[in-house]
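Below you'll find the structures, each written out as structure tokens.
The same chain A turns up in both complexes below, where it pairs with chain B and then with chain C.
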Partner chain A sequence: MNWKDTLEFARGPFFQVALIVFVGGMAYRLMRVLLLGWSRDRVPSKGSKLGGVVIAYLKGIIIWPFVPWVKNTFSKKPVMYLAGGLFHLGLFVIIFFGTPHMLVWKSLLGLGWSTLPTPIVDWLAAVTLVALATLLINRLVDPVLKLITGPAEVLNWLFVFLPMLTGYTMTHHLLNPYEMIFSLHVLAVDILLIWIPFSRISHFIFYFFSKTIHGAQFGKRAVTP
Partner chain B sequence: MKTQHALNTFVEETGGWVASQLEACTRCGICAEACHFYEATGNPEFAPVWKVELLRRTYEQRFTAGGKLKLALGIDRRITDDDITHWSKIVYEACTMCNKCAMVCPMGIQLGPIIHGVRTAMSNAGAVPEDLMAAVNKQVQEGSPLGATQAVWEQRIEWIADEWEVELPKDQKGAETLVVFTSIEIMKFPDNIAAIARILHKAGEKWTISSKGREVVNFGFYEGSTERTVLFMKRLFDAAQELGVKRIMVTECGHAYDALRWTAANMMDVPAGLEIVHIAGMLGEYVRSGRIKLKRGAFDDGVITFHDACKIQRRGSHIKEPREVLNILAPNSFKEMSPNKEQSICCGGGGGVIAIKEADPIRYAVFGLKMKQLQDIGATTVTMTCSNCRLQFTDSVQHFGLDVKVRGLSQMVAEALE
Partner chain C sequence: MSEETIYQHLRREGVTRRDFVKLCGLLAGAMGLNSLPPVKASALPLELAQGSNPADVVARALASKPRLPVLWLEFQDCAGCSEALTRSQSPTLIELVLSKISVEYHETLSAAAGFQLEENKAEIIKNYAGKYLLVVEGAVPLGIEGDYCTIGGRSAKDLLVEAAKGAAAIVATGNCATFGGIPKAKPNPTGAKGVWEVITDKPVVNISGCPAIPEVFTGTLAQFLVFGTLPELDDLNRPKTFYGNTIHDRCLRRPFYEAGKFALTFDDEGARKGWCLYKLGCKGPTTYNACASIKWDAGLSFPVQSGHPCLGCSEPDFWDGGGFYEGQSTPLSKPTLTALGIAAAAGAVVGAGMAGANQAKKKHVATH
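After this line comes the complex of A and B, so read on.
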């Protein structure tokens, strides 16, 4: 099997399987949590739960990760906050506003959108790689993170890092032949997709649960979330 | 055996509310930076994420395919009696359930209430620290964890009425507000009771105390025992119904307010139409509506600051009112600590921690953070609306030999009444 065939396999059947595992796995996890039962909150509200939820999201998405002085705790771990924030921003921009990725979305969803100029995406990719490396080092030396880090946490990091690394290598033609590095990139993405339902990377779904609960709890009390 | 009780509790309490939040955790460890116990001691086991570790493991092993697989492969192991004993210390001695961690969690996970759930499991497993359990049992038997038995209570109330020359209406039918004091006030801060009585009279409140519902403190809530939390709250609700009052007013007590106002309805039947209010909120309302008038600048001297109690301010909602009052009492001297309001650092004595002798060293270590906050602004007086905080402040200020006056806000308001 040469690299060309590998690429066809990685983009074709293997990608299909990975997508099915990803979508099916996430749907299963979502249903499992939803079906556990939700008791009604009978406590009379003082403020607006909905208002609290809106503020929680605004703060969580727009302000919190990028405006350092909002949270006092930022001053204690600036590197971790910056690295965490930039890594998420970078990943989001690359996945949705990198031209090649948008084309993948287009082939899957049937609709496309305008993307960002390659130099911007490229620069963010470099930042994301550095941020990821920083986060790993931090995870290995911080006493709390050492305590809560097991094999799963290291794999989470690795399976996100590999697509980033191969993608960057590919766009900069650092390794040849092109089919090889392209294959490795797509394989890494396939593995990531398969891994997500088994891991805590799935937090991109459950974030909306905990953040809504947070907003509602504070909104109920008329306290800023 | 006892471990099984804990595990059963974990399984029972894991509904979607808990599970979705456990699933949302990315194990980023940021919550540690918010925890005053971790900050003060540097012990990584005090990180909030670690405090819910047993609950998470039970959830995964019982409900998730991944967890079952890990167990089968030997990557994860079953929870043992030793684990329960080990975590009992962590969740009771190094957590006030102040929920500051929820404020910094990027996912917004409500760690405070979830750790409360871990305590419930500990309580069902019989793994509650001895000192705390002794106090709970005392409240079951005598009606108060601090020795305010019926006889002692009657005696103290009579003495306070005499000593401070205030009227303390008792068991009066037709009253609108049932005021329930804490035994901390009864036994240690009687001046607070006199102060609140003066304020209520001045405000024209139709109020009463009750000899049946005489203790607002709820050590069952500290313990995490649903059964005893409900038992202690029921005493108050029964008293309120018997007297036919419209509302229960919680005095300077934090967790009791959290239990009665923000938890009771989800645990038991609360008498219909019964309102739960806190003195901290009422002070603001009396001032706003002009029911009481305060001498402007009555305490304008030195630097006076306000300590936000976790259960009354961040988790109770009364953030604005004390500040409105202080801006009248000390418009020039009132100065905020940093961080404050919903971001404030907890005193370190709440959640029953102060009742556990063994926790004294960490409790004092945590107060070190508060002390630094006080010193940073050169505070000469610190005021608050929680007797439990006040107990921690009074004790720790003495322990560290700090030259700071510790006062209840009601007390200051009473002294400034016009």
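After this line comes the complex of A and C, so read on.
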């Protein structure tokens, strides 16, 4: 099997399997979470649930990232806060505004959009890689994080780091032949797709669940932070 | 055919000394010889490598080497590679190489036909065993014992194996002969294969492309003619000199790729301004060939320059490598909505089942 065949396998049948596992796995996780049960809430309503949700999102996504010093998490762990934030921003931009990635979305969803110039995405990719490395070192050094770091946490990190590393190596032609690094990149993404539903990377969707529920609770109790 | 040298043969054919020197310069250029050291370092005998002018080196080789007969076999092909050769950048060079220097058997170009021509081929195979060069154009079908392609009542495989046995070197030209091309495209009804999959006991030089670039073919042939050696090959047996870089690496639209400026349709502003064709499905990044540097029609243009994305025609199975107009990063196959729906439903059912079991267990623990 040469790299051309590997690439065809990674872009074809393996991708197909990975996507099916991803969708099935996420449906499974969603069901498990939804059926955990809802405890009865006897608190009388003091405010708007919807208002609480809106404010929770505004603050969480639009305000706090730009005035981080207000938050305790920032003043106590600035490196982690910055590296974590930049990593998420980088990943978002790369996945949605890198040209080759947009074409994947286009082929899956049937609609495309404008993308960012390669150098911008490229710099963000470099930042993301550095952020990822920083986060790992931090995780291995921090006495508290060390205690809650198991194999799953390291694998989470690895399965996100590999697509990033191979993608960066590929766009810079650091390893040849191109098909090899291209294959490795797509394989890494396929593995990530399979891994996501069964790991805490599923927070890419569950984050919005908890944000909504917390926001609604805050709103109802009129304690919106 | 007497054992006269190439030079003697050319003079007899009416080539002047002046034209001969020009030819030597062209050959040296086609091979990419530009200075003495690489020539001296090559396998060429020292007496031939003397002198600093590459054309001199070629001239000495041609003046001292015997003519090299070429057998050109055509199987599942469209004769497009031969067509491309006859319309190439340096018609004199091609004409000299093909008609005056060597080609003894070519179904499309030979003046003779039928039994006469077949007899001539048999004679060459017998008299020049171990000396002639075999060029193959077109894929070899192995289905129903090779009967999908027969010439003079014999199967392509049969003819290929026979001719390959005594060949000094084998050159496969075009994507069909190298990697199976369109005959091998899914579902490959005739069981077509590239030459190097059929002939495994001898090196086969793959000059892939659809068609192969004439200058690449001639350059490779010229090296064998002059030095008697085959060029250095990559892992797909293609000469590294010509297949060392991707189209993307040498593309004149590359700056637009880096700047994120893309043509989105074939007649939008980007297309008119000559922006990158990646979003229109260009396969340049994974396609190794010399199109972007040698180009076609006397260096006039090549597909990407004239506004069409690269199809990847010098790579194996390019017909099955995804849509020609779909981005290279896109998945080759996608699960159907039904499959995804079933997967989601199955996941939900298993999740609900597990949740139910857990709750039952919890109740059981609570009541006991």
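Keep in mind that, in the parts below, the second predicted complex is superposed on the first by the 218 of 225 C-alpha atoms of A that agree within 3 Å, B and C clash if a C-alpha of one lies under 4 Å from a C-alpha of the other, contacts with A are read in each partner's own complex, and residues count from 1 in each chain.
The criterion applied here is as follows: a residue touches a chain if its C-beta (ideal position, glycine included) is under 8 Å from a C-beta of that chain, and two chains touch if they have at least 3 such contacts.
From a predicted model like this one, the values you see are computed outputs, not experimental measurements.
Asker: Could you tell me whether chain B and chain C fit or clash when both sit on chain A in the superposition?
Answerer: Aligned on chain A, chain C fits beside chain B.
Asker: Under the stated touch criterion, which partner chain does A:Ile137 make contact with: chain B (first), chain C (second), both, or neither?
Answerer: neither
Asker: Which partner does A:Thr99 contact after superposing on A: first (chain B), second (chain C), both, neither?
Answerer: second
Asker: Once chain A of both complexes is superposed, is A:Ile213 in touch with chain B (first), chain C (second), both, or neither?
Answerer: In the superposed model, A:Ile213 contacts chain B only, not chain C.
Asker: Please work out whether A:Leu58 is in contact with chain B alone, chain C alone, both, or neither, and reply first, second, both or neither.
Answerer: neither
Asker: Is the number of chain A residues in contact higher for chain B or for chain C?
Answerer: Result: the larger residue contact count on chain A belongs to B.
Asker: I'd like to know which partner A:Leu50 touches here: chain B for first, chain C for second, both or neither.
Answerer: Touch partners of A:Leu50: none, neither chain B nor chain C.
Asker: Would you sort A:Leu36 into first (chain B), second (chain C), both or neither based on which partner it touches?
Answerer: In the superposition, A:Leu36 touches chain B and chain C alike.
Asker: Kindly classify A:Gly12 by the partners it touches after superposition: chain B alone (first), chain C alone (second), both, or neither?
Answerer: Second partner only.
Asker: What is the contact status of A:Met80 with respect to chain B (first) and chain C (second): first, second, both, or neither?
Answerer: It touches chain B, and chain C stays clear.
Asker: What is the minimum C-alpha distance, in Å, between chain B and chain C after the two complexes are superposed on chain A?
Answerer: So the smallest C-alpha gap separating chain B from chain C comes to 5 Å.
Asker: Enumerate the residues of chain A that count as touching chain B in its complex and touching chain C in the other.
Answerer: 29, 32, 35-37
Asker: How about chain C: which of its residues touch chain A in the complex?
Answerer: These residues of chain C touch chain A: 235-236, 246, 249, 257-262, 278-279, 285-286, 315-317, 320-322, 326-335, 339-340, 343-352, 354-356, 359.
Asker: In the complex formed with chain A, which residues of chain B make contact?
Answerer: 14-17, 19-21, 23-30, 32-34, 38, 42, 44-45, 47, 49-50, 53, 63-64, 66, 75, 102-110, 261-266, 313-317, 319, 338-339, 341-343
Asker: Show me the residue ranges of chain A that touch chain C in the complex, using the header's touch definition.
Answerer: Residues 2, 4, 7-8, 11-13, 15-16, 19-21, 23-32, 35-37, 99-101, 103-104, 106-108, 112, 115-120, 173, 178-179, 182 of chain A touch chain C in their complex.
Asker: Any idea which chain A residues touch chain B in the complex?
Answerer: 29, 32-39, 41-44, 46-47, 56, 60, 64-65, 71-73, 76-77, 80, 84, 142-151, 153, 198, 200, 202-203, 206-207, 209-211, 213-215, 217-218, 220-225
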